[in-house]
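Below, subunit A partners subunit B and then partners subunit C, in two separate complexes.
Presenting the complex of A and B:
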C-alpha cells in the first residue's frame, strides 16, 4: 500500500514551468514539481524528506507577476502560476552564489575525501564555475575527529543545515545545531562540545550521509573514497509522516 | 570585455598564420609539475601538436628567456612568492592569451592551504619545528614568500581557466586544440575543480 497517497481533500492545480503545462497537488512546492518532471534546478539545502529552510538561495526562480525572485523550495504552486527556472539573470546569480561558497571556506577539492562525490563540486560544474572571481577569505576553521566513527571538517561546511534537520527530524536526537553568526556560524554537537563526548549522538551516521560536501565524513576514508548514500531519507520521512 | 570575449579576440590574433606555428610558452610556478606531466601524457598527440605549435619557453625546452611576443602562455602553479608574481606579470605582458592550467593556478589549491596561518608560523613549521639538523629560515638567494598564496588571476588577468588536479591529457588536448583552431574553449564541460 503506498503510504504517501495524497489525502483526497488536496486539490490539483495547473501551472506552467519553462513553457511546459503541468499539474500538481496544491500542497506541493515548485522544486518538488520540478524534480518530479525532471526540470533541473540547482539546490543545496533542500532535501526530499527534510523540512525547508530556504537557506542556500540556489533554487531561486522567476515567477511572472512577482518583482522579486522566489526560492522554489519555499514557494507553493498556485493555479495559473508561470515559472521560469533558467534565465541569464538566474544563471548569473547562481554562479555568484556558488563562487561565494568556495571563497568563504577552504574547499580544497583535490585533497578532499569527497572529491568526485560532492554536491558542491557538481554545482560548480553545472553553474559554469571554472574559477572564483572574488578573493578567498582564507580563514581557518577547526576539524573535530573525536568521534570514533565520524569526522567534521568545518573548512568544508556550507551551512546547509541538512545535518541539523536530519538529526532532529528523522533520528530524533537533535545532537546538531548552529552556533554563531555570519562567518563565525558553524554547526555544533551538543553545546559545542567535541562530537566524541556527545551524550545525545546515537552514532547513526545519517548526518554524514546527507552532508553534501566533505564536511561530515567517515573516519578512515582517503581522497575521493567518501561516497554517500541518501536513499534512506525519503523512505524514512514518509514512514514517519504516515505514523 | 568579458574574459571569454577577450579569449576569443586573443585566440583569433594568436592564430594569424604570419609566423606559421602558434608560439606557446609554459611555466611552472608553485605547483607539483603534475600539470606539465599531464601535458606530456598527451603522448603521440604531441607529434601532431608539434606541427601546429612551437614551444618557445618551458620546462620542456632549453630556452632560458621568454621571447617578447608569445601567442599562448600557460601557467601551472599558484603565486606564492615574489618571483612567481614577477614571472606571472612577465607572462601577461608578453603573451597574447594567458591560460591558468590546473587547480593551483586556478584556485590556489594545496599551496594555498597555508593561507589561514601566519607567514611566521609557516616558516617556523617548515624550517625549524620539523628539522633536526641545521635549522634556519632561508633568506639568501631565494625569493621571499608572499603573505598569502593567490591564484594567477589574483595577480594578472587570465583568459582561460582549466581546473583539475591535474587536468587530464584529454582535457589539455581538447582546450589547446580549440585555441589553435580559433574556437572559444569551454573548459568546464571537460574538467572541474579537483578532477
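Presenting the complex of A and C:
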C-alpha cells in the first residue's frame, strides 16, 4: 500500500537490498519492497493499509550515501538505491529500542492474554532480547474495562497509534487519539472519557485487531487466548482507496 | 561443615538462629530463644521474603488472576490455577461442564503426585535414609542415589509421571494456562488419554513399593514421631459430600484433636465465618486461626495429615487399605497427631492420586468436547477453595463493575500451618536442643520437623545440601558462645 493514492502512471526503479537486485514501483517505500520480497525487517507502527507515522523506529535501515539511518516505512525507493536491512549496528539499535519498550511499561508476557500471539514478543525474540539491560520503570498505568466488548490496558501499550489510524482512516469514527507527553502519553477515547461511555465508538473492533500487543483485547479472553486477525485491513484499505 | 566452640558463659539468655532453613521451598529462618538455664524458652519460624501478591493484583482484570496468582509458586502452580479459576467461576456464576471438572481433577491429582514425590524423595528421604547425623555433604538426593539408587530413580520417575500428565493436559509442566474461568480451553484427545493410562500402572507400582518400604522404616523413627509436632490441634480440609478424601471441591470439615467434628459441610464460600487471619511482627506469613476459638487458641493443621484424619475413607481400593493402616499409627482412637506422619500421609495420597486418575481417565465422558461455560462477571465477589498438596488453598476476590480486581485475599496452605509449625519447632527444640552445646544432628531435627510440613514459601525449591547454614549461640551481651558453620 503506497503512502498516498498512486498517481496515474508510475515508473519502475531498480535497487539493491541486502545484495539482492530488485525492481519496485517508484511510489513504494523500502519496507513495502522488503515485505513483497520476504526480506525480514522489524516494525511495530507500520501496517499495510494504514498511513505512515514512523514512530517506532524499528525499521531503520542503512542506505549507501546517507550519513544517517532511515526509517524504511517512511523512505521511498529510488533508482540505484543500495539498502542494508541487517548489520551489527542495526541489530544493536533494534534490540535497544525493544528493551526500552519493555522497560517503559509493564509488559508481563506470562500473564498477558496475547501471550504467544504478540508482535512485541515476536520482535523481542527476533532481536535476541533475552533480558532487559535498563531498569524497569515499574510505573502503574490504568486499565479501562468499561467497554462491554473490549478492554484497553495502558501497561501494554507501545504507542504505535495503529488504533488511532485504523479508527480514523478505515472506520471513520476517530474515537481514538493521543494525550499527554513523554512517558505520560497514552491513547484515549473521546477526549479521555471511559471507552464504555464513548459516543463515537462503533464497537467494530478494528482497533483491537490491529493492536500489536495485549493493550487492546476482547473481554472474556484468558491468558494466551487473544489471537488477532488483521487480514481484513489491506482489503478494506484498497477498497477505500479505489473509491 | 565446621564446628567451633567459643569460650563464654552459658548462664545467660541466648538466641539460636537457623538461617536459612534448607531443603524447603522458599526462604525462612528459625530462631530459638534460650533461657538462662539453657532450655528453649521460645521458638519462631520466620518467613523472610515479601511477595505482595494481594496488593499488586488490584486493578487487574479478573481473568488474569489464574495466571497471575499461579506465579506464587513454581512447585504447585496448578493448585493456585485451580483455586483461582474456581474463584473466577464463582464470579461468572456458572457451573462448569462435568467433563471440565473431571479434567481439572486429573490435573490437580497429577500436581499432588509430583509435589508429594518431590517432598518425599528429593527433600525428605535424605534425612530418613541417611540419618540426621550423617555428613551434610552426602545428605541429599545424590547421597540417596549412592545408597539406594533404585529408590532415587523411582522417586524421579514418579515425579516425572506427574509432571508429564500436567504437560499433556496443559501444554507445559509449569504454569499451564489450559484451565480457564468456566472450565478448560481444550478437550482431552484419546491419544493423550491412552498415553496417560499407560504410564499410571508403573506409577502405582512405584508408589506401593515405596509405601511398603516406608512402613518398615516407621518404627525406627519412634522418637521423632513422639516429638515432631504432636501438640493437640484441630485439622482442616475439604471432604466430599460423602465425607471421603477430596482435593478439588466439596465441603470444609474441621476436627478437633480428639477426632470430634467441630465444623462440617461448610461450603467453601462460607470460610470467612470460621477462618480469621492474624499477623505477627516477626514473619511475613499470616497466622490463620479458627475464629470461634480466637487467636492463637484456634490452631489447626492442614495438608495430607489433616486430609487423612478428616476423611472417612478414600474411595479407592489400595488407598483405603493404606488409610486404615495410617490410622493405626495413633495408639488411641483419635486422629494421627504427630507431624512426622505427614510423610506417611503423603505416600497414602500418592497411591490415591494414581488410582483416582486411572478411574477418571477411564470415565466414558472424559473425551467430551463440551468443556467450557462462557459468561461474563455476574457477581462482584468470588471464592475458590481447593486442596493443594500442602493443604487447603483459598482464593477470595472482589471485582468492580468493570471486572477489575478491587480486593484479594489468598490463604495459602502453608499459612494455615503457621501456628502449628511454630509450636512444633518449640516442641522438637525442647526435646533435642541442648542450649549449651550445638550439634549438626540436633539442628537438623529442627529443620527436618519443618520439612514434615513441606512448607512452600515461594516459587522455587532450593538446592539441597549446598545451602550455607550458619548457627550462632549468643549471650544477652551479644558475645558468641558457640558457632556452627556449613559452607555453601
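Here is the rule we use: the second predicted complex is superposed on the first by the 235 of 243 C-alpha atoms of A that agree within 3 Å, B and C clash if a C-alpha of one lies under 4 Å from a C-alpha of the other, contacts with A are read in each partner's own complex, and residues count from 1 in each chain.
Assume contacts are C-beta pairs under 8 Å (C-beta built on N, C-alpha and C of every residue); 3 or more make two chains touch, one makes a residue touch a chain.
All values derive from a computational prediction rather than experimental measurement.
Placing subunit B and subunit C on a common subunit A by superposition gives a clash between them.
Of the two partner chains placed by the overlay, only subunit B lies in contact with A:128; subunit C stays clear of it. When the two complexes are overlaid on their common chain A, residue A:205 makes contact with neither subunit B nor subunit C. By the touch criterion defined above, A:221 lies against subunit C but remains apart from subunit B after alignment on the C-alpha atoms of chain A. In the superposition on chain A, contact of A:234 is made with neither subunit B nor subunit C. Contact with subunit B, but none with subunit C, is seen for A:109 once the two complexes are overlaid on the shared chain.
Legend: residue contacts after superposition of the two complexes on their common chain; A:138 is shown touching subunit B, with no touch to subunit C. The clashing stretch of subunit B relative to subunit C, chosen from 132-140, 150-158 or 168-176, is 132-140 in the chain A superposition. Taken together, the two structures place residues 110-111, 115, 140 of subunit A in contact with subunit B in one case and with subunit C in the other. Taken in their complex, subunit C has these residues touching subunit A: 59-61, 63-64, 66-68, 71, 175, 177, 180-181, 185, 374, 376, 402-404. Residues of subunit B that touch subunit A in their complex: 100, 103, 106-110, 112-113, 115-117, 148, 151, 153-154, 158, 161-163, 165, 187-188, 192-194. Of all the residues in subunit A, the ones that touch subunit C in their complex are 110-111, 113, 115, 140, 142-146, 151, 153, 196, 219-225.
Residue ranges of subunit A in contact with subunit B, taken from their complex: 102, 106-112, 115-116, 121, 124-125, 128-133, 135-136, 138-140.
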